[in-house]
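Multiple structures are listed underneath, in structure tokens.
One chain, chain A, links the two complexes that follow: it is found with chain B in the first and with chain C in the second.
== the complex of A and B ==
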């Protein structure tokens, strides 16, 4: 669809490698995420535990694989939902006439008036540990960005002679969207989606870090960070793992977003 | 008469390709020199070479002699503003959009000529009064009409007192009446020094007089006194250029207008307001089937709005528009746009756009090749997208697309104003000919009364 730059391929490669690590870990690890071995706590990486064990003797490799998988699932779901909703509402707002636009404007301004993280925290506090609520809350915050960009770009396209001409020739709305609007908005939507993916991961990790996100004993990157935090001097390699992966995922998504934005 | 500017074998190259073949000319005081040719004929390159404004990557050979001496690029650039000036092609690109008009002229007097602020302002106001902008000095460029903005730009550019004036397409995009005003202004400026004008408009060349050079594809084809060349052109290309002027067209109004043609559109007491301004008041007219109707008027008088209203794209303030042909479907009322590239999606090839249309309306594909042949469209055009074909080809492609739908009414909104005269003539003729063949009524908008006169059965003057 689009020609990608070298840096974007690097970003995609990092994400793919992390995905392979996650799926492989979940499929082939002989341990489960909650299987404790108190005889072997905070072990450094070895042949039995490739990434060592945490303070309960749980396999870090297994837990990291699950945590990365969870982050991916959430970020992709949020990305998909918010871009779809944001794009659809953005186009509808321009196309649906003044009333729709005004109504959408009110909703969006209310959402924008609240800091994004606060909204998510609010939802997360109502139902702690629910993946579904986290997903809904993050998507609710993120679609606004897509809406605003898509609406601004679409306004120009709707007025353009090219679309007017297609309409006069009898082409339907789906065609006009496909040929005129989508080519104009798709680069922006893809860029926003890449940033949105990174933001979703960060938001989920932040919530985990303040204990309102995914609850123990599930493995989640933010939660693991805060759990392993007390042992930073005894076993720094353990704390480094979730932090490194968060940084890597965000970095890869930003690389994927490309330079123009 | 002293020679202010002399070129000896000046040529422009990119790498080893010659863009402008060696040319020699002399510009004398008080004698205007005009270069005539189509877009892409290398006219602008010559002006840029003289000024020393050529883009990187282009090299110039030969000698450019200014005021009697051969100068280097840096020496010529030092003359900018005071001795040598190039007038802007489109004023919008050269004026400061946020600065009052009078200040733009004042700054030249103040900083280029070194006058005191009060004196500079007085001189600027006097200059503006001379070009008929006395009451408009406080306006920003976007509040001025095209002709006024061009006069302002010329005043600002020449305020530095330059003797050598290079004007690159100074009348591009202006109405006929405004164009003549700019030409007269240029002539008064030229009396003090010398003037080199670059244009594709034969009429401008005729009015300026003096010496004339005709160029084609970077090559000089004819040179001599303007009056004699334009009246007795020797070269085939010059003849073609002159023949492409609407005033020189033979009457191409389609003869076969059936007297018993039915009414297509009846407009009664039409009133249209836009932005609080009444564009036209109580306009009534009838358009018959297969008739070519022209609308003339200066820019901003509502020509395009009238067409849009007939197509239902704009709502009218009062009056009525009755479309008598009840069998015609909505997609048989179509529009041709002024700027061809903006009327197509650049995301897919032209062939894909055509296929979309064929699939939507189940058009018989065997109709396409003969129509393409009539419109002189090469088959290869279908593999490219709208940004990589020429404006003329694209406008013909737009006609092709419209004709495939068997339109009953076609609103052509200045379809040739962005095209070269030769291409414009070709496109207009094809449009009128093919539309008449298909018994499709055409509403042709133009700011050139000659063009309308030659092509239309009925003229609506706004």
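== the complex of A and C ==
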């Protein structure tokens, strides 16, 4: 395992705490995310509703747990998919020869021609409220980052005498990748993955905020911000919850990344 | 210069093709019968019958084969025939032009403000060092962790609803511009002040910079003649990278403050499934992205002529 700085441990600890909160909330809460209680609307935190209730009397604790869980699910899925795809294509485009590299270059330039959020918005337009489409669109945008970094680093490693003698001694490609390429690219991939996780959360919240992401009655952090915004003066503690949690999650991922963007 | 411009033209073509193709796929993949959907958004859910649908189908030529339709779609696009809005029936071109003006105003004032915030703060933290440096860096880390709309919501709550200094949303007077522009500026400056600081620190420690102090130039002369340009090169280049987050920020901020720009238009069009408007606003947003990138490239070349040969 890599050695991690103190700030990275802090980031990991925050993420872990949020994950425990989310899983615990989903598993043990007696309420469901859409269960309304119109006699108890916008209540402050109490023993029955630990984080209060929203404008429909739904348990905020349960909704926050589900929203955080959704954010985690999306960010982890996007992280794995885009890092895997990006790394694989990055190595392939160096190793596979000129033709592969040129073809990949064209694909990447097409994807980079538009700002990422616009691409995701266009995909979200195809199927509004679909988690799957959101996940595919964000991964499609994010893998390019990994591809570019991995390709740049791998180009140096491929030419190195160590890798070349490894090849001449008859070691297979998988061994060469494991022994020479992976150690060189892994720090960058981990850093990118942490930032990617943060960006996935931001993107989903942003889409929820402009009302084209996950649709009600599901709980989603950006969507909850919009829903609770009209009640900011009566129940500021409600609006504060999703805002705080988004910032906390992104901050934790940034800490985990260690390096600065 | 030529190679740079050629690259940008290629990017422009890619943008047009990409947006055109994506919106075409979008048009084709909508669930349900196109004609019924459009008729429903035009006349309301209750007034749709097969007659209205047939009318829409004939008017918009919805019964072509996919490839013919794709070809028509792209050729129309190349002639800048963006069509009419499915909902309001107004030409997309007009509304997009209207939105572009507002978005440009917001983008440029936000960018300008972010430069005015980030450059002095970055220079100050490089000049003074700790503890000021740590305070600014910590502050920018915290702001960076917040999505643009959270910054916007906080500003809105404080300045518009709590102290009632500025209007909540809308447009028309300069006061309406203040909060959106500041939201954009703060979120951009939280990232770029680091770049200014790093670049300034590097320049201050460079051998050539110290030498000019040793040979007798005053602090200010040294900064003006040897500092400014060298610090500016990475900073301006970074503004090019930041354009992505600027465009993304515009989408969010315009929706939050009901600023009638392209981002607002795009979000609304997606919500209403108004495909010609989606295409128009995504297209203009992409073109804006390419143009601003070209501008940044040119400024980079102007500041640092060493890049011309490369």
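Going forward, the second predicted complex is superposed on the first by the 259 of 261 C-alpha atoms of A that agree within 3 Å, B and C clash if a C-alpha of one lies under 4 Å from a C-alpha of the other, contacts with A are read in each partner's own complex, and residues count from 1 in each chain.
Note that contacts are C-beta pairs under 8 Å (C-beta built on N, C-alpha and C of every residue); 3 or more make two chains touch, one makes a residue touch a chain.
None of these values were measured; they are calculated from a predicted model.
**Q** So, on chain A, is it clash or fit between chain B and chain C?
**A** Superposition check on chain A shows chain B and chain C fit without a clash.
**Q** A:223 contacts which: chain B (first), chain C (second), both, neither?
**A** neither
**Q** Compare chain B and chain C by how many residues of chain A each one touches, and report the one with more.
**A** Counting contacted residues of chain A, the larger count belongs to C.
**Q** Does chain B (first) or chain C (second) touch A:149, or do both, or does neither?
**A** So A:149 meets neither chain B nor chain C here.
**Q** I'd like to know which partner A:179 touches here: chain B for first, chain C for second, both or neither.
**A** So A:179 only meets chain B here.
**Q** Give me the angle at the C-alpha centre of chain A between the C-alpha centres of chain B and chain C, rounded to the nearest 10 degrees.
**A** For this superposition the angle at chain A equals 90 degrees.
**Q** Quick check on the superposed pair: does A:233 touch chain B, chain C, both, or neither? Answer first, second, both or neither.
**A** second
**Q** Should A:194 be classified as contacting the first partner (chain B), the second (chain C), both, or neither?
**A** A:194 contacts neither chain B nor chain C.
**Q** Please indicate which partner A:65 is in contact with in the superposed arrangement: first for chain B, second for chain C, both, or neither.
**A** In the superposed model, A:65 contacts neither chain B nor chain C.
**Q** Nearest CA pair across chain B and chain C in the overlay: distance in Å?
**A** 9
**Q** Determine where on chain A the residues touched by chain B overlap those touched by chain C, and list them.
**A** In chain A, nothing is touched by chain B and also by chain C.
**Q** Could you pull out which chain B residues touch chain A in their complex?
**A** Those in contact with chain A are residues 311, 313, 329-331, 333-335, 337, 339, 342-348, 353, 356-357, 360-361, 401, 405.
**Q** Mind pulling up the chain A residues that touch chain C in the complex?
**A** 109-110, 113-119, 121-126, 128, 198, 202, 205-206, 209-212, 222, 225, 229, 232-233, 239, 243, 246-248, 250-251, 254, 260-261
**Q** Residues of chain A touching chain B in their complex?
**A** Of all residues in chain A, those touching chain B are 160-162, 164-166, 168-171, 175, 179-180, 182-183.
**Q** Write out the stretch or stretches of chain C touching chain A in their complex.
**A** Listed in rising order, the residues of chain C that touch chain A are 10-11, 14-15, 18-19, 22-23, 25-26, 29-30, 141-142, 144-150, 153-154, 157, 161, 191, 194, 243-244, 247-248, 251-252, 255-256, 266-267, 270-271, 273, 278, 282, 285-286, 289-290.
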